[in-house]
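In the two complexes below, chain A is the common chain; its partner is chain B in one and chain C in the other.
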Partner chain A sequence: MKLAFQLAYKNLVGAGLRTWLNVGVLAFSFIIIIFYNGLIDGWNEQAKYDSIAWEYGNGQLLHTEYDPFDPFTILDGHGVLENEQSKNLTPILLRQASIYPEGRMLSVALKGIDANQTTLELPTASLKNSTAKIPAMMGRNMADAANLKKGDEILLRWRDQGGTFDAAKITVAEIFETNVPTVDGGQIWIPISKMWEMTGLENHATYYVANENFQPKNISDWKYKSQEVLLSDLNEIIAMKKISGSIMYLLLLAIALLAIFDTQVLSVFRRQKEIGTYISLGMTRSQVVGLFTVEGSMYSIFAMILGSIVGIPLFAYLAKIGIGMPQASRDMGIPLAERIFPVFGIQLIVGTILLVVIAATIVSFLPARKISKMNPVLALKGKLQ
Partner chain B sequence: MKNGSIISIKNVTKRFPVGEGEFTALKNINLEFQRGEFAGLVGPSGSGKTTLLNIIGSLDSPTEGDALVLGKNISKLSHKESALLRNKHIGFIFQVYNLLPVYTVYENVEFALLLQNIPKAQRQKMVMEALEWVGLASMADKKPDKLSGGEGQRVAIARAMVKKPEIVIADEPSANLDAANTHAILKTMRELNENLGTTFLFSTHDEKVMGYLDRIVHLRDGAVEEDEIIKSKTQS
Partner chain C sequence: MKFLSIILIVSLSWLTFNLEAQSTPEALEIIEKVDANMVSKTSIVESKMVIQGRRKSRTVVSKGYSEGDKKSFTEYLAPAREKGTKMLKLDDKLWIYSPSTDRTIQLSGHMLRQSVMGSDLSYEDMMEDRELTDIYDAKVIGEDTLDGQKTWVLELNAKVDDVSYAKRKMWVDQERFVPLKEDLFAKSGELLKRVRLTDFSKTDGRWYPGKMNFKDMLKSGKGTDFIVVKIEFDPEIPPYIFSKASLKK
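Let's turn to the complex of A and B:
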């Protein structure tokens, strides 16, 4: 085997431009595959971190009648937990409401949250410290959509516990920046104590957000969703994104492998005299097949070296400064930071190397198999077989 | 009989499929070659010279009959056994040299020794010795494309001889060489034959080559026409 590597190395280096073209294309594939997966992994990490920090906490306890995907359940999907049971939980009460910025009506989800909470990164301290009668906070996207700025007053209309419409002016106490659109777009946050007063739903909550000390237990009328369950939708979206993206890089890899396959087919065809010479010098046919296969797989090793020379500084730089995401991408409804910091894990790199080396070896072996059936006499004459 | 039989061809027939029929390249050949012979198969194109050499070199096998080389029946050898026979005991010299283009002169000659897993220091000694036999020690680092025809063929001789095989098969070695180079390489081979006792077997229709041979086997249409022993007939 060592001999095959020595000979393959000499043959590839000796082949000059043809080798380096294949190596270049394969190295490009390496870089793209690792970059794309690193970007997705970075996005995945960031999205999970932000979702936990801003929305999911250590899990959520939802009223059994509340379905986050069905707005008709908001009206009745709420209840009260006893004090002992609500330990380590932050209550959030959700109601539908409307605001009237610049004379137009805008439907919003009105969310009451404990202003003293520290489980989520929502800046609820600004609600606590505000002197406004009904302080409110909202995310940057919501503020932009309603053309609101800090200090603005806006008319809010909601329905109380009996279904009667009521209205009051709320004051924008805080506009926060977040990567999590599900706590931003179409939502207004006010202190839950104010919301209880406004709706008459004293001590009610639609769901609770657990902190890290919460121990899940069965509570009648409430269902617990763990962090993993809450993140499953996000994981599915990212997995889908990974699959759709993989089509692109698999195509690129296929082009690179096709180039190797083509080179191997041509080599077996053009180097028949050389194959005959190897056999006449005492190589077995399987040794010659091995030599040609190693030559093909060595393209991937050269590509790995070239890819490392170009890729390592590039990836280190990108992992440090991140990659800016366009605003349009952030409107997709999934947590997406302004800058994503790709994660180039050892598993990703080793996995990609194995994928490319194994694939290159297989596509090299397929045409090389023909050698085992070659007649050495005809090979020495360079006759087509 | 110098030192005993090294090649024994018994009733060898070789047929090749041609279209739907067959072409008989060798017809019931019976020959014996002794250790240290400097012999040649002579005849026009299509007479079966190369086919017989390929069988002796274990690159091909007879359709009928037995070809015994160093006591081994070529027809009964596996791919691996025939590769081992070629690697250790048979050297080849081809009409177009068949040097490996990406290797240097040194590496081309070293190749057969690499296959035998000979240690580097010993390999180096053997390669340089073989290059000195053919007068090319100073060109060890050159690539084949920088060599003249005569030099290329001398590298091929060194490559065939470096492992000190019992038999060297030379298929039309002078076909691409001028007269001066032909005489030069034949002299070299003759010296190696005399000094190392290697059996040389040529296929040729070159009169200049024939002038060096001790024995000429005339082939015509796949059959032995005449087996001519020419004792001590050498040119210098």
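Let's turn to the complex of A and C:
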């Protein structure tokens, strides 16, 4: 085997440019596969972290009549949880309302949240510390859409529990920056105590966000959604992105493997005398097949080395500074940070190495099989077979 | 002497109070007179709704049939996009038929709070069919002059919980007993909507406005004009008009 590696190495280095072209294309595929997967993994980690920190907490307890995907359920989808049961839970009450920036009407989801909560990263302390009559906070996207800034007053119109209109000015106490659009766009947050007072829905909540000490239990009229269930949509989007991305890099890999395959076919055809010599010197056919296969798979080893020389500094740099995401992508409604920091895990790197090496070995072995059917005498004479 | 003066003052006060009471009618009385003008057993109205947007305005032409305040049927005649759309209201239920989808849907809950064809009116505004006196406590709070007419100013405060507007203020013409203006307020006292009624004419012995302007006071713009092109009071309306079957006809 050692001989096979030595011979393969010498043959490849001796082949010069042909080898380096193959190695170059394979190394490029190698880098692209790791980069793309690293980027998706980085996004996955960031999106999950942000979603948990800003929206999901350790799970949510939703009123059975409330469906987050159906705005018509907001009206009746709320209820009261007994004090003992609401331990380790942050109540959020949701109502529909309108604001009137610059004389136009903007429908908003008005969310009341416990100003003392620490489960979510929402800066509710600013609501607590504000001296305004009705302090409110909103995300940057919402503030931009309504052209509002910190300290601005805006008229809010809502309905109380009987359906009677009410209107009052709210003061923007805080504008927060978040990567989670589902707590930002079209939403205004106010203290839940104020919301109870405004709507007459004392102690009501549409859903509760659990902290890490919450133990899920069956409570009538409420359904518990664990963190995993809440994150499942995000996981599906990311899995879909991975699959759609894999088409692109598998195509690239296929081109590189095709080049190796062609080189192998050419080698077997042009080096018939060499094959005959090996066999006459006592090598078995399978040893010669092995030699040619090792030679082919060695392209992948070279590609790995070249890929590491180029990739390691590049990936280290990208993992440090991140990759900027365009604004248009961030408006899609899924958690996406301004900069994504790719994650190049050991599993990804080892997986990619195995994929490239195994694929290169297979495509090297396929043309080399022909050797086992060769007549060594004809091969020595260099006659076409 | 002192005793006589007291009697005189008390008598004069009593007389003044009574005279005032006689000249200022009760709110209920005013509302009844307004209803006598504005409300008929049945009516057929051909109207134009001019929705004035920020850049351009849109006119929706419709023909409406109503019986009492529980039954009404409206067919939209123009523009082409809305033509053939029909709306049926029976008691507290509202159905809309759309010719483009050939479907009839019943509006409920939040959908009733949506604007009618982009106007300043919501379906819910059109649905309110309870007598004002059933849901509001009315009182006359003063007199005012509006469009050159002397008016009684009525204040109506909600006496039930499930009304859209907690307070209304109504200016009623002292001569013709028609409302000239109505302001609708939020619970906090914020003015939300204003209705202006103008261009009155006498039809079948009743004073009726030729134009009503509904304005969302929190929004900029000129509001929505409801122009009465033709009105018939107490005509015979066949019962099938107020049936779901008529929506698809």
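FYI, the second predicted complex is superposed on the first by the 385 of 385 C-alpha atoms of A that agree within 3 Å, B and C clash if a C-alpha of one lies under 4 Å from a C-alpha of the other, contacts with A are read in each partner's own complex, and residues count from 1 in each chain.
Throughout what follows, contacts are C-beta pairs under 8 Å (C-beta built on N, C-alpha and C of every residue); 3 or more make two chains touch, one makes a residue touch a chain.
Nothing here was measured: the structure is a model prediction, and the numbers come from that model.
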Kindly say whether there is room for both chain B and chain C on chain A in the superposition, answering fit or clash.
-> fit
Check the residue A:13 against both partner chains and state whether it touches chain B (first), chain C (second), both, or neither.
-> first
Centred on chain A, what angle do chain B and chain C make, from Cα centres, as a multiple of 10°?
-> 150
For A:274, select first, second, both or neither according to whether it touches chain B, chain C, the two together, or no partner.
-> first
Considering only touches as defined above, state whether A:283 meets chain B (first), chain C (second), both or neither.
-> first
Examine A:160 and indicate which partner it touches, taking first as chain B and second as chain C; both and neither are also allowed.
-> second
Give one of first, second, both or neither to describe whether A:49 is in contact with chain B, with chain C, with both, or with none.
-> neither
In the overlaid three-chain picture, find the nearest pair of C-alpha atoms across chain B and chain C and give that distance in Å.
-> 76
So which bits of chain A does chain B touch that chain C touches too?
-> none
Which bits of chain A are touching chain B when the two form their complex?
-> 3, 6-7, 10-11, 13-15, 273-274, 276-277, 279-287, 375-377, 380
Seen from chain A, its contact residues with chain C in the complex are 71-72, 74-76, 96, 98, 100, 102-105, 155, 157, 159-168
Given the complex, residues on chain C that touch chain A span 54, 109-111, 158, 160-166, 186-188, 190, 192, 216, 218-221
Show which residues of chain B lie in contact with chain A when the two form their complex.
-> 54, 57, 59-60, 79-80, 83-84, 86-88, 92, 94, 96, 98, 100-103, 107, 111-112, 114-116, 159
